[in-house]
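As written, the chain order gives the labels A, B, C and D, with residue 1 at the start of each chain.
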Amino acid sequence: MTVLRRLRRAGGWFAATWLVALVGLAVTAPWLPFVRAADEKVRVGGKLQSRYRLGPGRHALFGVDNSGFDIFARCIHYARNSLLVGVSATVIGLLVGGALGVAAGYFRGWVDRIVSVVIDCILSIPALVLAIVLVSRLDDIRQELPGLGWVTRRWQVVAALSLLAVAPLARIVRAQTLALREREFVLAARSLGATSRRVIATEILPNLVPTMVTVASTGLGLLIAAEGTLAFLGVGLGESWGYLIEANRRRLDKAWWATVFPCLMLFVTVMAFNLLGDRLSRRFDVREVIT
Amino acid sequence: MRSVVTRRRAGAAIATVTVALVSVAGPARGTTPPAAEGDPVMGGTLVVAGDAEVTNPWTPKAMQCDSYCQQRARTFYDPLVVIGQDEKVHPFLAESVTPNADFTQWTIKIRSGITFTDGTPLNADAVIRNLQDASSGFLLRAVVGDLAKVPAPTAADANATALKVDKLDDMTFVLYTGKGGDPAKPFPWPSFPFALTSQLGLIASPKYLDSVAAGGDATKPVGTGPFMVESYAPRAKLVVVRNPNYWLKDAAGRQLPYLDKIEFRVIEDSETSAKALQAGDIQVFSTSASAVVADFRDQADQFPMNEQTKYVETNYGLVNLAADTPLKDRRVRCALSMAVDRAEYVDTLDAGITQPANGLFSPGQEGNLADNGFSTERNVDAAKQLIDDYVKETGKPVVIFYGTTNSALNAQRAELLKGWWKDIGVTMTWEQVPQDAFITTALLGKFQILGWRLHGGTIVDQQYIWWHSSASAPLGQLSLNFSRLNDPVIDENLDKARSATDDATRKAAAEAVNRQMAKECYAIPFSFTTWGTPHVKALKGFATMPTPDGAMAADGAGFAGWFWTTTLWLDPKA
Amino acid sequence: MRYALQRIGQLLVVFVVVTFAVLVAMRLGAGGHRELARRMLGGNVTDQQVDEAVRRYHLDSNYLVQYLYWLKGFVTFDLGYSSANSMSVAKLLAPRFWTTALLGIYAIAVGLLLAVPAAVIQAHRRDSWIDRLGNVASFIGFGVPAIVLGIFLQLAFSLHWHLFPAIGDSIYPWQQFGAHVRNFLLPTLTLAIPQAAIYTRLLRADMVATLQRDFVVLASAKGMPTRRILWRHALRNSLLSIVTSVGTSLGGLLGGAVVVETLFDLDGIGSQMVISVLSRDLFTVQACVAFVVFIVVVVNLVVDLSYSLIDPRVRMARALA
Amino acid sequence: MTRPRPLQTAGRPAEGPLIELTDVRTHFATERGLVRAVDGVTLTIQRGRAVGLVGESGSGKTVLSRSIMGLLPRRGVVRSGSIRFEGTELIDAPRSTLRSLWGREMAMVFQDPMTSLNPLMRVGEQIAEPLRIHLGQSRAEARDTTIRLLTEVRIPSPAERLRQYPYELSGGMRQRVMIAIALACGPTALLADEPTTALDVTVQAQILALLSEERRERNMTLVLVTHDLGVVARHTDEVAVMYGGKVVERAPTAALFRRTRMPYTEALMRSIPTVDDPPHTRLAAIPGRPPDLVEPPPGCRFAARCAYARERCHAEEPSLVASSDDPDHHYACWYPVGTVEPVALRPADPAAVG
């Protein structure tokens, strides 16, 4: 029992450390002396180390790729995209999904019916399929409609992933709100004549926070995995771990490092968010899991 | 012209297609048939892999044909003429292709006694039907643009035209040249037979064409070829079985083909094909993926490899000359070209096995020059100077947009170019464009620079429709002259080459085109490809394809990388 | 019966709303129906073909009419025309259907095969080291992205130990059984492991609860062997959760199929969808998405209706409802 | 009518101790600490007798009955003392020993028939299961036996019931099925843990009558766990009254009712529901709450609620002693009923409230 608890605590610490380190490195990378620029080629003794000539080692921690770029440097720089996209999508998902969920759960009636159908519909499309189609369609629409030049692939990916985050969050929040609105303290507040807005703001929302934070943490891991997968399939960002995997995987037998390290980055980061979510769910005693 | 070096699944090489239709010729491998191979053994099943699949329906008119498609099409279709290993055109299904004295009329006589595998007899009517059909296709129409046309109104199109054809007898007919299709403007076109070595010359059964036109099953093509289609699944598998009544015999009088069955698989990635060959899943494949070719050079004792380095493709940056961008300025174009580090390009992207390109004429091609006035050496200072001049003059920084198809190698190329151009003060942004959109982008001129690939061929006449100003259309309209090249010197020399009756004149004209393109930096050449065809030891009979007149047909004619399968055989002893 | 009809109705609404939304999304922003037709046919087409397509798919009508005709086509397997492959979408997808279907079925089967014994043993020996090991394994299995898992499996089994071909080939069992197994095993594992993790987590939790219920204690008191108690009494009472989880995790499974088919070069609906998305093959994309949604809807319906097969009380309740 | 009775019981003595408990302790490890649910029980149950285990909720009677069966989970449970069944030590006996006894030698009827039957298994199968496994009966034999058993427990049209699921039966029917299951292999001892609590009053009587009848006919030992002294009075030969994990009074039933010694038992008796009470009347008639079993109070565990408690009761714990006038009557009390006058209760003892 205690071994397990200790293990779990260690997992939580590991996750927190990894995430802090990753965010720190990703943000400060341009100023760090030991991290090359993403487009800086590795040269040893003046000789360009292209075509995977350099495995992991002193000159390049994670080895080089076919063009001679430093895999470690790219892993660090590209972490920015993964984190940025994941966090943006999660925040949008929390705001929109939370709003929809609260509205559906609190007001019920036709609002609930519409929101529920929309959620059902979104969830009936496999998340990845939805994201792929969405990103690629946004590509076309952006080109066809004038004035959308500022929209970059990154925002398309964020938009697609946000939608993925909205549906499960809305569902969970709706269920929680439905339960909360029947609880004594909410009934009390309502019977005292508090407005809906006030009840939601003071009674409902604070009680939703633990669930939302927990779900968001695990969800963040899933979204980062989805971001990597999109890049892997060629519909995501070029500057992404998933893209590194796709770009190098055909040479897995000859230059394992170029594929394996980005894989590990993705894997460990996703696991770290999952661990964090697991810790939080135990802490707040939240049972809902996104599947 | 090809857009891609290695294609991923998504990237069936549609871009290839367009272009490749026309390019002709290109006798391949210098390897002479090794006499020591012994007598062919009949029978057996061969499994071949290829990397792209863009071809359905399998009608000569509509096929979108790259190298692998050409190879497969030639298992069930026979061409009218073929290119021999002597780089000359030899009759095949045609018994003869004869010009009149001034090369304005071409008399084609069809070989008798041949039937399609559905029992339809091959005769002049069948061939004319094919040519008429093909010349209404989007691209082949351009190939026969200088053949005379006559009005042939249809219910759908009152202004439709057809080739002007005179049928002399059941087996013979005449075609006429006419500038721009005008019968009143006959002109000498000595190199016309080269056009017939392309897709245009592949002859399908009229019954099959009728069935497809009526909405029937297009996936079961019927021709006179050495094999018959057993089954076809797009992007997966084509299975052909021996045509027991094939009309051609080998030099020793043995019935062709030797193999019982060929399974053509689509493996869109050459690295994967390589593993499949090593694992014994396939017996042969062709690739221009340099890293794979390099790998197989080290495995020659286990997997012999035929290499092709002549008449190969050129990887280059296709430049939009009509759009209102800095690329309109020669200085910018030349600077970009000079900034490319071709040594690093070859080392990195081409695994060190290709040659840096100084222009669009690959080695062996008519017009190729060791020195065309452009140096492949990187010259950052000079390039920077040119850019600085331009910026000073216009007051605007140079920002360009580069497009390429989805593939890892193409993305790498884009990244490398971005770095090199950054060194001379040019900002490049790039995006991967979906394959399908890619070709449309080029046709409509909605691009600045595209990563592109040009199919070789032998004579410059084959590039006429891609470079001549008459093939150019304004931006936003479909133009086979993607770059919207409009240069009097190039036009003049292309015309000269088309009508030249002697090789020397034609060669001089081609070289003039090469020099002019280099001078104006109309394209940004990167490298010439190298093709490899690694195969199992037991597979023999490469480059032994006979033509009826006793010459040897060339592998990879028009498209580097394909090979005749009619004469391949599997040696059970190896 | 009434319940079944009600459920079918609900799912039908979902299917219709989703496919309609997909149709609109696919056809939005083309700027005129002729332009739309041109794009749907893939660029190089004659005006005649454009007219034909406009007529055939009613592209000049509003989206609702277009949708009704599309729906009619979907029911009759007329899914339109694949611009990238120049053939009917139905014909293109038909062989690919089997790859995805087999992968899905294998993944669920293998997932259950892994998960059920694991969960039963874990629940039986709760808090033992084997339970903890199982928990850690399913935690990792649940979180590991399919690309990462697939690559690692490839690295280990194909490249390091040479047990399986690194190249995928969609060979079907009725063609060559051995080759089929060799080609489908790693992709199946890649899909099955996360499924197994999800099933294990849910089933273990349910089993733990079930094992504390009175009737399980009674079965003990009857002197039933542990094996019988676990597999006959407890497992059957925990099956609802696992059947439900098969339904709810199906979306993830199909999403995973997209990755796995791409990663292992298998020709399936998933890999075809990515190809079609990249080549803007609108009809094919639409058909693939509709197909996938259809599968999800149908499977969820089957899951729903199968409750009554497992639990007689549900059957009863529904009979009364 | 032949009874499905295992052969091996033939030739066994009809008299003598069957179950001997010596200082049995069953403690549960919880977050709060060790719960001393059963805390030193010594008791002998004679063959063929009906023994009642009586006490409030939380007195440890259910835990004791499950301890005897060995049905408690292994993890988190601390056991000590000795439980002998026909001379076989059960504490820390391997699972296989217990399993060889379960069903065949000792069987149990649970409190709630609604939850104690497997909801997904037909009734017939649940009864036939032990027959087939323990007695090796064939499918057909087991079916016949099952029908006989159902007839015996007075379930009408048993052949049809076989094919039904538990949810199709009423509570009383289910409890009859439970009894049928327990009786299936003809056990030597039957432990019934509040077998009627969840049932209607009229049904309660029928079930108890059935149990008594079966016991007599089969010469079975019956341990009847209940909080209801009325039940005990009608259906048992002996009674053990439990409080706070201990047996506080033990006597032949008649003796106990004739002369109650333990104030707790007296309090219990006062709370016997009469026919006038609505069903399921709680035994809250005794003021205060049962003691905290994590930190039991020193002295007599009932002292805090006892009307007769004196200083000594709060300091020294009384042990179970035989009554001077009746050696079969044991009680644990410093001041048995009748020896002192009741006093006002002390203000709520913190431990008692805890």
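In this text, a residue touches a chain if its C-beta (ideal position, glycine included) is under 8 Å from a C-beta of that chain, and two chains touch if they have at least 3 such contacts.
Computed from a predicted structure; not experimentally measured.
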item	value
Each chain counted as touching chain B and chain D at once	C
Chain centroid nearest the full-protein CA centroid	C
Computed distance of Cα centres, chain C from chain B, in Å	42
Whole-Å separation of chain centres (CA-atom averages), chain C against chain D	53
Computed distance of Cα centres, chain C from chain A, in Å	23
Approximate Å spacing (C-alpha centroids) for the pair chain A, chain B	45
For chain A, residues that touch 2 or more chains besides their own	136, 234, 253
Residues of chain B whose C-beta touches two or more other chains	10, 269, 272, 275, 406, 434
Sequence positions of chain D contacting 2 or more other chains	none
All touching chain pairs, where touch follows the definition stated at the start	A-B, A-C, B-C, C-D
Complex contact set, residues of chain C against chain B	42-44, 48, 83-87, 92, 95, 165-167, 169-170, 262, 265, 267, 271, 274-275, 278-281
Parts of chain D lying in touch with chain C, wherever the complex brings them together	69, 71, 75, 95, 99-104, 107-108, 110, 112, 115-121, 129-130, 133-134, 165, 167-168, 178, 181, 184-185
Residues of chain B touching chain C in the complex	9-12, 14, 54-57, 62, 64, 138, 156-157, 218-219, 233-236, 265, 267-269, 272-273, 275-276, 279, 281, 406, 434-437, 439-440, 443, 478
For the chain C and chain A complex, residues of the former touching the latter	10, 13-15, 17-18, 21-22, 25-26, 28-31, 127, 132, 139-140, 142-148, 151-152, 154-155, 159, 166, 198, 201, 245, 248-256, 258-259, 262-263, 273-274, 277-278, 280, 285, 288-289, 292-293, 296-297, 300
Sites on chain A touched by chain C in the complex	1, 3-4, 7, 117, 120-121, 123-129, 132-134, 136-137, 140-141, 144-145, 221, 225, 228-229, 232-235, 242, 245, 249, 252-253, 256, 259-260, 263-264, 266-267, 270-271, 274, 278, 289, 291
